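The structure appears right after this line, and notes come after that.
By letter and in written order, the chains are A, B, C and D; residue numbering begins at 1 in each of them.
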Amino acid sequence: MARIGNAKQLAEYRKQVKASKPESRKAIAVCAGTGCKAFGSFELFEAFREALARHELDRQWDLRATGCHGFCERGPLVLFFPDGMLYQRVKSSDVDEIVQTTLKQGKVVDRLLYTDPQSGDAYIKERDIPFYKHQRRLVLEQNGQIDPCSIDDYIALGGYSALAKALAMGPHRVLDEVERAHLRGRGGAGFPAGRKWKTCRGTESDKRYIICNADEGDPGAFMDRSVLEGNPHSVLEGMIIGAFAIGADEGWVYVRQEYPLAIERLELALEAARAKGLLGEDILGSGFAFDVHINRGGGAFVCGEESALIASLEGRRGVPRRRPPYPAVAGLHGKPTNINNVETWANVPLIVGKGADWFRSIGTEGSKGTKIFSLVGKVNNTGLVEVPMGMPLRQIVEDIGGGIPGGKRFKAVQTGGPSGGCLPADKLDVAVDFDSLTAEGSMMGSGGMIVMDEDTCMVDVARYFVGFLKFESCGNCTSCRDGLERMHELLTDITEGRGTDETIALLEDLAATVKATSLCALGTTAVNPVQSTLKYFRDEYEAHVRDKRCPARVCKALISYTIDNDACTGCTLCAKRCPQDAISGQKKGPHTIDQDKCIKCGICRDVCTYDAVRVE
Amino acid sequence: MARRGRLVIKPDRCTGCRTCELACAFVHSTGGLLGLSRIRIREAGAGPEGDRHLQMTCLQCIEAACVKVCPVDALVRNEDTGAIEVSERCIGCGLCAVVCPFGHMHFDRMLGRPIKCDLCGGAPTCAAFCPHGALEVR
Amino acid sequence: MSAPPVDIGRVDRVLARHPAGVQGELINVLHDLQAELRYLPRQALERAASHLGVPEAHLFGVATFYEGFHLEPRGEHICTVCMGTACHVRGAPRLVEQAERDLGIRAGQTTPDMRLTLETVNCVGACALGPLVIFDGKYHGNMTPDRLGRLIGKLAKKGSE
Amino acid sequence: MERRFKINDIDVKARAGEHLLDVARRYGFEIPSLCHHEALPPIGACRICLVEVAWGGRRELCTSCNFEVIEGMQVTTDTPAVQHHRAMNLELLLARAPGSARLRELAAQYGVRRTRFGPPATSPLPNCILCELCVRACEQLGNHALTMVGRGDKKRIGLAFNSPSEQCTGCASCASVCPTECIPVKDTAAGRTIWGQTHPLVLCKVCGAPVMTERQRAKAIAKKGLPEEYYDFCESCKQSTASKRFASIVW
């Protein structure tokens, strides 16, 4: 691996790499994202490799283990290039048939195609599938196309050309371009990246740092994980461009320890970029030097907050401090430091490569570009979606997400991670961008989007988030540490049937203080789930405290399990599985549940094949 | 330096009546706890006209040991009065009282603070109350 | 059960990979020590503190701040239940309850025979698979209490053989 | 660099980088606080020193202890919102430290005479409000015996490995700065007992009264450069010796 000495050599090298690939550009991309890997995509990849070798097809087909394709619900996914055919839920045992039928005869294996569960339509090409059709994949575009362990794959698709362009533009034009693109930070607050960069550059100092915040802590969000795992070079290229523009010579990626694959891929990417002369001394012969280190996070949600992240990088407890001074002025080791998250950095090569005007043409007035969401929960098509800013929430949930499974009713969608809010059905037409979501009492956050159906109890959800945040609070501020603990107690009282109207009143009062008086965003936004559910689902709270009833039948203290005599066939399965021996009855006779013994674990309902267990 | 309220001690006038201690204690604590007085009367043996007494209080040393050992620079000289005062910076480690060569500082464990003469901001109460002119402000 | 003695040589080999006296290395050092020893015993932390030149109290404060560090020995097997939002709405709390019942320990604890540690994690970013259980590093998606019970039961049987 | 702004409509001046609470107190404005100490870096933990600050079109509640002054801002120290949120935070703290007279008194000033919350689930040190003054004082002294352990609702004050620390000199500064007087210190003939260990005491070479702990002495001698005999006598014996010397000069 020789160093690439300048922009011209980079272009030549790209030509060489392309020439080494099969001329037909035929490729099989097996998704090796975390979701598909859990479904066995590694074994599948090995099966393909073996089969291609056996049938001597390995020179015609370029086999790649790629990053996450996004449609995790249907993994493992296999995508065929150049025509873009997608097979879903592929097993190793399908490989022989795929080779025989698809690779050799060019025919489709129908049963591996995605079939819409509602319409029954089968789709051959990925881009026609409703899940993909409404998306605009820019950051994620290459995720399904390249082997994230291969810098050559990235370069072949134009990788590092934006860096070469930036080096030619000079730092100030790059800064202007990023500012003009109006790129807002994808980590949650939505602060304009260009302004942050300029502040950092403008602060007099002998040393500046840049940091990639990959401490994706929002439960229910995994877009940063997928970008790092699927296309680490795009993040790295963004960072190098940023460092050049800002005048930094050292950078850090602060990545969650829970993402081992992302760390591994990133390490490989760093090594490869160094070997190619794209990182380190004299990058592409420009004289600009910059290197990146990886720091594994210790496991603290609050370290997503930039001053806490810096504390953590300095080997301290991840406790936020009051800003200003902002990190762009006084950050890591007191030096000007620019922090952006993974998705923000990954947007940078696109902006520099295609220009600010192109970027500004996507999205809304206040929010430009696309945003990646992890669409999860009670939705048919779970996975990662990337859409232009401003798309109505309804389109994401219904068209891309394919609606709610099992014919259930939609209840709410929670955006913005644990500090976001829950929006009800009549807010589904809100445009998904930074400002519209905030106006409705939720927020963009880093892009978690959790769909809830009629079986989700909103009080339980609020309690879940507050429970998460009291655990994740750094514990500095009285309002956040004690306030959240007390809010959690009050919510527990409500879900366990001890609540009264005064409990709700105190909860609201306390929430106002937590929001108004906590130091960092963790505390000031922690009450969003409570305030938004109180605003939109107050009737559910009232049902809990006044009628001692959980409308969604989730809160254990307020429900009981019974067996419907008419439906019960006396198969005895529930009685066998009941951990408390609370179920009795004769074989082939109706069974009953002893309410004193029942712990409401719900196993009887899970195992009953006759749907005879009722929850009241 | 035009300093106000320099405290001049005249031991030969002291009768040992301890009015100064009481005045100090009242001015610096609610209830006048004698233990919290910053001035103390010591017996100094018998003289030709009866027992001698000596008024012991902080000398506001120029090179003060207490100031030197304080880890947080909590002992600050009041440039108006010349008194070394215990500021709000004190964290109560007690070193100052340990090293004062004259025993003029007392560390009060209940208060978590050292106690020393601050010249009452320039008008020492002890002097005002001394019935014998044994403490004078100049 | 008392913790086994710590092989200081192993600790020192890990420390040697990190520059001395650099506080910023602290969290990486803790990660590497834990990877080597499975948990962070006191002797290892004491050595790390002196290697990095930070007070022991500081190191202890940091190690206990982050959820990723374990200061008690962990079991031979680790069962981690993901408690992310997606997993929560799909029934993760029931999984924890099932495991706690079956094992007779609380989440965060280890069985008295040191065979298994039950842990929870706040989202591993595999939300499409929820509810998710990670058993010794292997992801098990769409988990049900019944299936988890059998998974744990299998381990118990293996143990008694 | 000087900063000019208004507190409760009164013009004040401060140095750039100064914290608002220090400036306000210098001008005699009363702002309550529990976790602030002039000699220790502010952390904004108790949230009692809240004030309302308006500048550049923004208006927000901030803790004044860690708020760096801004030119031209308008500070109000006692708005209804400030009062309300101080009261709620005091109520939360009162649940942690019902035994603190100072806290009860302060809470009562804000109309909080009882708390609607029970004792917190995790509080190994009764009446501790987690203000961290003890930890910061210990760090300031360079002892580093104390630390914050855990986080969130499980955060507490503690020692490394939860066991007696060799770093602790028994100086009891932690107890001195504690606003709720929750750190137990016990002096007996055997020594000073604090944080789970009993520190042997240096006794006055004349009368045998306790002077300081042996560790505090050793550390002070090493650090402060005063002759050893400065640390040998109790206050009373020193005064007695001094008075004799003075008497010999006077008479």
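One rule holds for everything that comes next: contacts are C-beta pairs under 8 Å (C-beta built on N, C-alpha and C of every residue); 3 or more make two chains touch, one makes a residue touch a chain.
Bear in mind that the values here come from a model prediction, so they are computed numbers and not experimental data.
Enquirer: Mind naming the chain pair that shares the most C-beta pairs in contact?
Expert: Counting C-beta pairs in contact per chain pair, the top pair is A-C.
Enquirer: Among the chains here, which has the CA centroid at the largest distance from chain B's centroid?
Expert: In terms of C-alpha centroids, the chain at the greatest distance from chain B is A.
Enquirer: Please work out the Cα centroid separation of chain A and chain B, and write it as a whole number of Å.
Expert: Averaging C-alpha atoms per chain gives centres 68 Å apart.
Enquirer: Per the centroid of Cα atoms for each chain, what is the distance between chain C and chain D, given in Å?
Expert: Each chain reduced to its C-alpha mean, chain C and chain D end up 37 Å apart.
Enquirer: Rounded to a whole Å, what is the gap between the Cα centroids of chain B and chain C?
Expert: Distance between chain centres: 60 Å.
Enquirer: If you average the Cα atoms of chain A and of chain D to get two centres, how far apart are those centres in Å?
Expert: 43
Enquirer: If a residue has to touch 2 or more other chains to count, which residues of chain C qualify?
Expert: Counting only residues that touch two or more other chains, chain C contributes 58, 61, 65.
Enquirer: Mark out which residues of chain B touch at least two other chains, giving numbers and ranges.
Expert: none
Enquirer: Chain A: which residues touch two or more other chains?
Expert: Residues 300, 317, 471-472, 474 of chain A each touch two or more of the other chains.
Enquirer: According to the definition of touch, which chains form touching pairs?
Expert: A-C, A-D, B-D, C-D
Enquirer: So in the complex, the part of chain D that touches chain A is made up of which residues?
Expert: Contacts found on chain D: 43-48, 50, 61, 63, 66-68, 81, 84-85, 88-89, 92-93, 95-96, 116-118, 120-121, 129-130, 148, 150-155.
Enquirer: Enumerate the contact residues on chain D facing chain C in the complex.
Expert: Where chain D meets chain C, its residues are 144-151, 158-161, 165, 167.
Enquirer: Please name which positions on chain C make contact with chain A in the complex.
Expert: It comes out as residues 22-28, 30-31, 52, 54, 58, 61-62, 65-69, 83-90, 94, 97-98, 101-102, 121-130, 132, 139-141, 144-146, 149.
Enquirer: Which residues of chain C touch chain D in their complex?
Expert: 42, 45, 55-61, 64-65
Enquirer: For chain A, which residues are in contact with chain C within the complex?
Expert: Per the stated touch rule, the residues are 34-35, 37-39, 72-73, 75, 216-222, 225-226, 257-259, 295-301, 312-318, 374, 376-378, 382-383, 414, 417-418, 448, 450, 452, 456, 461, 464-465, 468, 471-472, 474, 577, 579, 601-603, 606-607.
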